Structure formats: C-alpha cells, structure tokens
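Each structure below is given as structure tokens.
In what follows, chain A forms one complex with chain B and a second complex with chain C.
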Partner chain A sequence: MKSGLYYKAKKIIVNTLIHIFLLTVSATCIFPLLWMVSSSLKTQETIFKDISLIPKTFHFENYYFAWIEGGFGRNFLNSIFYTVAVVLGIIIISSMAAYAFSRFKFPGRNILFIMFMAAMMIPIPGAFVPLYILLNKLGLRNTALGYILCMINVGLSTSIFLLKTFFDKMPKELEDAARIDGCSKIGIWRHVALPLSKPVLAVVVVLNALIVWNEYVLALIIFDSKPLMPLQVALMTFQGEFVTKYPLLMAGLTITALPIIIVYILMQKYIVKGVTQGAVVG
Partner chain B sequence: MSVRRLICSLGFLVFSGLFLSNILGCSGQKGSSKPTITVWHWMTDREPAFKELAGWYEAKYGVKVNFDLYAPSDAYLQKVRAAAQGANLPDIFGILGEKRDFASFIKAGYILDLTPYMQENSNAWKDSFFSKALAVNEFNLGDSYGVKPGIYGAPIDIMTIQMVYNKSLFKQLGLNPNRPPQTFAEFLEIGKKIKEAKLQGLVSGWGEIWMIDCLANNYAFNIMGKDKVIATIKGEVPYTDPDWIKVLSLFKEMQESGILAYGLVTMVNKTAEQLFANERAVFAFNGSWCVNVYKGMNPRLDYAAFLPPKVSDKYPMAIWGGAGSSFMVSARSKNKEEAVKFLRWPTERDQQAYLAQATNNLPANKESLDQIASVLQSFAKAMDSATHPRIWGVSEFSPVIEALDKGIQSIIIGEKTPKQVAEQVQRIKERELAKKR
Partner chain C sequence: MKIKATLENYVFVLPAVTIFAIFYIIPFIWVLQLGLYEWDGIMPTKIFIGLSNFKEIITDKIWWQSFGNAAYITFIALTFQNALAFLLAWACDREIRMKNFYRLVFFLPPVLSEVVVGLVWQWILDGNYGLLNQWLVHLGFPNLVRNWLSDPNTAITAVALVHSWKGFGWGFLIFLAGLQTIPRELYEAARVDGANAWQSFKKITIPLMIPVTVLVVILTILGTMQAFVLIIAMTGGGPAYHTDVPTLRILASMRGSSRFGYACAQGITFGVILMVISFIQYRFSKKART
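Coming up: the complex of A and B.
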C-alpha cells in the first residue's frame, strides 16, 4: 500500500518536471525576442563581439535612425491601414460566405467550397505574376485598393474554413428563435452567428493580421510608389546582399513586432477560448 | 459621450483619413518639360550613394533621376519579371540571375543593345571598363544563348574572389606582414605554424558549396589551363585525369597541414566573415564585398588580399571575378537616349571613384583605381586574372558540380580519397552526358 506521502511526492515531481518543460519552451520562445531587443541597443561592431544579452552601452539612437532611415512614419500608418482594412474585409466576407456554406442549400455549394479549400493549397509566390498582370489590366496596380483586394483574397480560404467549421456546430435552435422574433437571414448572421463566433473571429483576426502585417513581397511587386509601401518593405532596406545593418534591423524589428504583440495580448482571452472550444477543429 | 464611443469615433476618423489619402490620393507625377529617368535596383548598401549621384546629375544636366530601391534581391527579381510581362519596366534596371535569364529578356525585346553607344568616339565608353567586367554583359557569335551579338548592359562595379590574410596575426606568427604566401608549399608551411600557435587557419563559406567550386576551379586553371578545364566540361577530358586528381589532392594536403579552420566544411560565409573580422582566423577565401562587411564588423582590421598561392608555373592562377552589378536600359523606354546618357555618367572615372569610396565596392572603370583605398586596390589589381563560368560559353551540369563540391567536402573530413571522388564525379558526368544524348 502506497502512502499519501508517496502520492504527494509523485505529484510534486511530476509538476516540477512539467514546469521545467514549460519554462524551457517559454525560454526558447522568449530568447529570440530578448536577443532582438538586446541587439537593437548595440552597435554593428559590438553585435559580433559582445554576445551578452545586456549591452555594455545602450544605443537607443538606433531606434531613431531606424525610424528615420527606414522612413517608418508613413509606412507604419500604411501597415496599420492595410491590416485593419484587410482584416475587416476578411471578417465580413468570410463570415457571410461561411454562414452561407453552412446553412444554405444552393446548387454547386460543395464544389464551390472545395474550390475555396483548394485555393489554400496554391502557394502565393506562384500567383504573383498573374496577379500583377490582372491588377495592371484593371488599373489597380500601384494602388492601395489593389493590394487590399489581393490580401483579402489571400486570407479568405482559411477564414471561411475556420468559420464554417464553427457554424456547422452552432445549434440551429438559436436561429429558429431569432427567426420567430422576426430576424431576417442577414439579421440572424449579424445578431446571432457573429456574436457567437467571437472566439473564432479572434483567431481569424490574429491569423490574418499576422499575415498582412508581415507581408512584403506582394507589396514590393505591385507598388512602385514608396509612400504606399507597408512597414515590412521599409525594414528590408536594412538588409543588404552582403552587408546587413543589424542594430537598425533589430530596432526596426522591435518596432514592427510591438503592434502585433499588443493585438495578441488584447485578443489573448478569445484566442485561448477559440482554440480550447474547438474553434480550429478540422 | 462615453470614453469608448469617443475612442471609436476618433479611430474611425483616423482610419477614414488614411483610407481617403491611400485610396484616392494618387501619386501621379506632375508634368515637367524634362524627362525623369527611373532606375530600379536592389542594392540597399548603395542607395545613399546613388541618391547623391542623382542629385549631382540633376544639378549638372537638369534631368531628374529617381533611384527606386526594391530589396531583397529575390523579391526584386520577381518584380522585374512581373513588370516585364506587364510592360511596366522602368528606363533603367538590373537583372539578377543566370545569363540565360538575361538572354531571355533580350530575346523578348526588353533590353536595348548598347553596342552602338559603347563604340562611339573610338570605343571610348567600352574601353573605360575592365574588359572582363564587360564580358558578363556581352553576347558573342556562336554563344548557346541565341542572342544577337552585342553589349547589353553597363557594369557599375566589379568583384573578385580571392584570399585575404590578417597582417596582425602574420606578425604574431613571426611572418612578414607584407608578404603573403606566393606558392602552395609556402601556404602549407604557414599551416604548420598556425597549428602550433593554436589559431584558426583558412575560413570560408564552404558550407555554401559554390565557394569550394570556385577555389577548385582556380586551381584547375592553374594546374591544367583553361582549355583542359573547358574540355572537361565538354566531356572530352574525364575527371579521373591525373590533373583533376591533383586538384582534389590539394584539399587533402590543406587539411593535413592544418591550414583549414575547424568546421570549415559546414561553415557559412557569414560565420567565416565574423571569424576573420574578429581576428580569430589568419586567412579567408572571400569576395571583394568582404571589404564592406569587415569594415562594419571591425573597422580596425588590418588585412590585404592576394591571389590563391599557385601550385604550378605552367599556367597562370585564375580567380573568379567580373561585373558585380550591371544596369540595362529598357528597349521600350520613352526616354531611351536620356537613359543611356545617364547610364554612361556614373560609369565615368570620378563618379566611379566616388561610388567605390562611398560603398567600398570595386569600380568597373579601370581609370578610377588610383582614387580608391589600398585594400580595394589589392582586390582590383587581380582583375587581369579574373574569369567566370558565365563567360566560358559552356556550363557544367549541376549534378556534376554538386558531386565535385560535396566530394571535396568528403575529402576534407577524411571520408573519401581524391581518386574515389574523381571516379564518382566522372560516373555522374557520364550519366548526364548520356541523358543529354
């Protein structure tokens, strides 16, 4: 017969091991961020010589130079604008489309849905040249609208898939109740489906915000004007073929990482809920 | 009004402002009597110098030049390809990639033939360049590319890949800091001293195997001459030839002498540059771009470039080199003449010297050499020994190059003998030749 002390000791050991494992995982996640911040405060020379996380001298001026040299001011606002516009567009279109796929029966529904899913398999770089030519013909090349439409298109498939999976599981009784209360189809989508899908929407927001915020290749291809470029393109100016301005690059990266970290922190509650409630099942 | 509502309203106002300025605020160019030349490039490190030159040009000739930077280079490459298909190429641009990509742009009619301009005033423009710098932009009769013979681009800088040595560590080893090794035997002797002093010897990016290929080719040219190397590529001489085995044996000798740094076969060039810049390695095998890299990592580094020490006196030592970056004029540009006039200007003596001083790259204009830093001069002086696979007119099969380079790695780690590697490479060569037939 094992004593209570045995079970207590076992629990402590197991918990300690679990915590050591979790701490190790956390450290591996946090270390690159700390290294980035630390390097952003060093000089080009000390970055290769001083490997300690806390620099001997702090060079906060790197942030100023990164902001000025990279022309971050306008690009920063552009990135915020593109991210908000694209995420809003994706939420509206994908939630409507997913609701329709989940609840309405119409000819070709399954084929259409499969086509959307198939779009997830197409690597974006493979579509750059056709996209460029299409935008050129539509007169949307080198316009913010052209870029936003492309990026909405990039995020739609995954978002529709996530939301449809959620709507499929949503009890139909709630919609029946809304219908009895006089809600139209759009009304049910707006007042029942959308509020209930908040956790999944949070996942959709974070996933797509990350994609748009970090995107630079498509922007570089379709924009010719510097004032239209997003922040990530400005960041690339520090990275040369042979020479990279590491302190400025790291300072720039810290600046660009901040907003997305803030978005994550604000939405953390919903994301965890979304994931744990099976929002991303499938 | 609640605080939340106020924040929402403000947010809406800011977003609407951005929306209107981004969507509706077109950035069309204002009308001007003089044309504006647009140049697309990918060279982040040269952007400030290009802008400075553009300012000088506008002040002197009244023509505005816009240098538009699109980095990194792989995204730039995609932009140029897409722009070509959409008929949106700028007046001047650069092409990255293989010479066959360059040829496909010419065949599609996107690039202007600069030969008539180069030949004006008794070849004045053409003769201002190092001939080997121009070769990369030149297509000759009988080339496999199927392009009308001519010069289709102007180099703005050049590069060579050589050995560099640390003068301070040379002194520490009791060697003359102004006399790098001239022969392979001397080089190996230094290896012994390096081993005794417990220093790192030669560092290089041999994990990125093309640099091994580069040094192996240098020695192949020195041991058997260009004609025999080309004959091997054509399949007329086997890799099992004693000369090729001699080339492969050099790597074994280097390993045994202790001249090669620890972990060299998996080393990436960035690590090699870091080790050399921080004075932890005596030698490095690197391109002339390293001047800029080392300056950033350690401005006090005392070093110089030298040709890889020769093994044989029968043939001259050859190194890889040629045009670093080149610009081309769009054949469909409305401002072709102005664009050519501008392209000629930064390749002139003084502008080339300015570019070399500001960017630490080697000038393409051979008359600018006396105006550049001594370490750059030491790289540029070897331009006479430069060659490059791009200008040989024939190219080796990729699997053969890979087998040769990986084979050299196996020799260094003692896994295979030079003879075994030569036999293996020859088997792959025969297989590829059979496929082609």
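Coming up: the complex of A and C.
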C-alpha cells in the first residue's frame, strides 16, 4: 500500500514539471517582445554589440525620432482613424442587418443570410487583385474612404453571424413593449436591441479592431502616398528604405504593438470569446 | 401598409448588402473572368486568351515550388504547432496555479500583427548581428552560426517555426475550450474502475477531442496555406523563392510583372485546391465521427 505521502510527492513533482514546461513556453512568447523594446532603447552604435536585455542607458529619443522623423506619428493617427471608422461602420451596418435577419420576415432573407455565411467559408486567395482594379475604377484607390469600405466588408460576415446568434437568443418582450408604445423599427433597434446586445458588441468591436489595426495587404495595394498609410505598411516601407536603422525600426514596432497589447490585456475576456465562437463557424 | 413594412425591412439589410455586393461579389466575378484574359491593369483592352493562363500555371515551376513551401509550413504547423498547442491546453486543463497568466501569455503572439512578429524575428535571426547568432557564439557553438533567413537550408524552417510561434495560441484556446467541456465525472468514474492516467487519456480524452481536433486541423490548413504577410516581413520570399508561397506569387504577378489575368488565374487555381482540401477534410471528419 502506497502512503498518502507518496501521492502528495508525486503530485508536487508532476505539477512542478508542468509549470516548468508552461513557463518555458511563456518565456519564448514574451522574450521577443522584451527584446524589441530593449533594442528600441539602444543607439545605432550599441545595438549591434550590446546583447544585454536591459541597456546601460535608455535612449528614449529613438521614440521621438521614430514618431517625428520616421513619420510614424502620422501613421499612428491614420491607424487609429481607420480602426475607429471601420469598427463604427461595422457596428452600425452589421447590427442592423443581423437584427433584420433575426427578427423580420421578408422575401430573400434566407438567401441573403446564407450568402454572407458562405463568404466566410469560401477562400478567395488574391482577392486583393480585383479590389485593386475596382478601387481604381471607382477613383477610391489611395483614399481613406476606399480602404475603410474594403475593411468594413472584411469584417461584415463574421460580425453579422455573431450578432444574429445573439439576437436569436435574446427575449423579445422588451421590443414588443416598445412597439406597443409606438416605437418605430429603427427606434427599437437603436434604443432597445443595441443597448441589450452590449456583451456581443464588445466582442465585435475588439475582434474587428484587432483585424483592422493589424491589416497589411489591402493597405499595401490601396495606398501609394505615405501620409495616408497605416502603421503596418509604413513599418515595411521604413524597413525597406533604412535597412539598418534597427533602433528606430524597433521603436516603430513598439509603437505599433503596444496599443494592441494594452487592449488585449484589458479586453482579454472578449477576445477569447470571439475566437472560440468564431471558430465554431468554420 | 404591408409593402411599406417590407421596404422598411430591406432598409435594415441594404447597407450591408450594398457593401457586400460591391466589395465581395463583384471582385469574385471579376476574378473568374480575368483568369481568362491577358491584361496589364492599365490598358483599356483586355486580350482574351482562354485557358492559356491555366496551362502556363501547370508548367510554372516557381508556382509549384511556392505551393510546396506552403505545404511544408503547413506540415510543421499541423505537427509541431498543434502538438504544442494540445500539450499546453492539456497542461492548463487542471487545478493549477497561474492558469489565467498562461492563457494571457499564450495568446499574445496571435494578437500581434504579422508585420511586427516578422520584423522582430527577422532582427533576432539576423545573420550578422542577430541575437541568436550572438548567443550561439557566447555559448560556444560558433560553428552553428549562420544566416538563418538567407540560407536556403534553414530559411523555410525558420519561417515555419516563427509561424508556429505566432499561431499556436489559437489551437491552444480551442483545445482548452474543448477539454473543458469533458465532464469531470468521466475521469472520476474511470479512476474508480482502476484506470490509470494514460488509460483515461486514451479512452476518454482522445475520443472526445476528435471533433475539436478536426476543427483545429481544418483551421490550421486553411490559415497556414494562405499565410504570406509574415513571409513578406521576414524574407520577402527569398532566398531565390525558397520561402515563396502561392499568395505571394499572386501579389508578385500583380505588382511585379503587372499580369492581372495571370494573377487571377493563380488565385482561382489556389482557391480551388483549398476548397478541395477542406472538402476532403470535411468528408474525412464525418467518417471519423460516425
């Protein structure tokens, strides 16, 4: 008969081994980011020799140079603007459509809904080719509006799916009450349905904000002029022009990654929800 | 009255349908059409050439090489990345401290952009001043030092591993969600019946995780085959097409050689291949479940 001590010891050893494994992987996740920040604080001379994680002196002026002379400040504001505009557009457009798909009956409802869902599943590799032609024809290439509309379309299907699933489960009593009180359909959507769907709206906002902030290839083919570019494209352009200016590049990368990391830590719950729900679709 | 109500209903879906029609359906149709043309994207006239683009694709060595590269990266993602994701999820699916910390950290790489991840790793793997090589020298392995991303022997594996680094958090989250749906009572009952940890893992965990695993496998294949921005940021497809992938070829056909028709034909070919793969997957998973 093995004693309780044996099981206790075994459990401690197993748990320690598991923690060592988990901590090792955690370290490889975090270390490259720390190295990025560390590199952004070194100078052009020290960065190639100094491999300490904490530099002897912190050269915060790299951020000033990246922001002003590298032009990343402008691109940062562009990224913020595109993200806010696209997310706002998606929220309004997809919640209206999802509400109609969930509550109203009209000819073509099912076909339209299936169309949106199919778009989520059919991969079109190289969809950027016809989009480039289309935006050229519409005169929307190299404009903020063209990029915003394209990105709204990217997030539309998933957002409609998430919102419709939520509306389907939401009780209708409050909406009925509002209708009896003489509220219009738009009014009910705006003043009853939207406020009640805050939990899923949070998921839609965070998920789409991540997609827009991190998007690269559409921005690459749509924008020619640097003052219009979002951060991701500006980073690649900077890297192409100044191959060896690593401190400034790393400062630019930190500027790009930091907002996402902060949003992620604050909104982790919603991101995890979006990922697991979004995965069920596929 | 009824017509007015119906019109009102359409107002709700109109913005979504309009944007979808212009930015999804029209481009979709154009891809199918343009694949049959030779066009530089500027000239007002497009030359109809039938299936010539597709015939050219069949003999396009670089195209198929890029396809092989994507398959190789997908293979690494399916084996290494998903095995790691599963192990981590399994390790976190128990009474263990810092569970939330691990979950937070493992999904950190997936929320970062491919450009950021690619450029940071490119700096770490840099042949002359990269941290990895400097470490190898310090640790006494100077013979292992190499130009990881410009050496044809290592470039593709380096890219595949960074891709796995960026992606395993997805699989981890989905696996963990799946593991948490398995009722604890099953394990209790198995233990009472005298099953050891390995037996209950084999007889309970694995069979119940098959649907989730199929899902992760499909998502990994579709996601990895189409991944290309990370590669742009790390190697740009080089050295000499050794890390090139199909979507990158499509971009090159369009921007590099201004062959819009050929780019669309490549897009169709690749899209069809992906659909066939996911269809086979789907059939296979149905069989596995019954």
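Definition applied: the second predicted complex is superposed on the first by the 195 of 282 C-alpha atoms of A that agree within 3 Å, B and C clash if a C-alpha of one lies under 4 Å from a C-alpha of the other, contacts with A are read in each partner's own complex, and residues count from 1 in each chain.
One rule holds in what follows: contacts are C-beta pairs under 8 Å (C-beta built on N, C-alpha and C of every residue); 3 or more make two chains touch, one makes a residue touch a chain.
Since we're looking at a predicted model, the values are computed, not measured.
By the document's definition of touching, of the two partners only chain B reaches A:81; chain C does not. In the superposition on chain A, A:163 makes contact with neither chain B nor chain C. Once the two complexes are overlaid on the shared chain, A:221 sits against chain B and chain C alike. Which of chain B and chain C touches more residues of chain A is settled by the count: it is C.
By the document's definition of touching, both partners, chain B and chain C, reach A:239. Judged by the touch definition given at the top, the superposed model places A:21 against chain C, while chain B stays out of reach.
In the superposition on chain A, contact of A:133 is made with both chain B and chain C. Legend: residue contacts after superposition of the two complexes on their common chain; A:44 is shown touching chain B, with no touch to chain C.
Judged by the touch definition given at the top, the superposed model places A:188 against neither chain B nor chain C. Look at A:143: by the touch rule set out above, it reaches chain B but stays clear of chain C. Shared contact residues on chain A (touching chain B in one structure, chain C in the other): 48, 125, 128-129, 132-133, 216-217, 221, 236, 239. The residues of chain A lying in touch with chain C in their complex are 15, 18-19, 21-22, 25-26, 28-30, 32-33, 35-36, 39, 47-48, 51, 92-94, 96-97, 99-101, 104-107, 112, 115-116, 119, 122-134, 149-150, 152-153, 156, 160, 185-186, 189, 210, 213-214, 216-217, 221, 232, 235-236, 239, 246, 249-250, 253, 256-257, 260-261, 264-265, 268, 271-272, 275-276, 279, 282.
Chain contact summary for the complex, chain C toward chain A: residues 6, 8-13, 15-17, 19-20, 22-24, 26-28, 30-31, 34, 41, 84, 87-88, 91-92, 94, 96-98, 101-109, 111-117, 119-121, 123-124, 128-129, 131, 134-135, 138, 165, 170, 173-174, 177, 215, 218-219, 222, 226, 228-229, 232-233, 246-247, 250-251, 254-255, 260, 263-264, 266-267, 270-271, 274-275. Contacts from chain B toward chain A in the complex involve residues 15, 18-19, 22-23, 26-27, 42-45, 47, 68-73, 75-76, 78-79, 81-83, 85-86, 88, 274, 277-278, 287, 289-290, 292-293, 296-299.
Residues 44-45, 48-49, 77-78, 80-81, 84-85, 125, 128-129, 132-133, 136, 141-145, 216-217, 220-221, 224-228, 236-243, 245 of chain A are the ones touching chain B in the complex.
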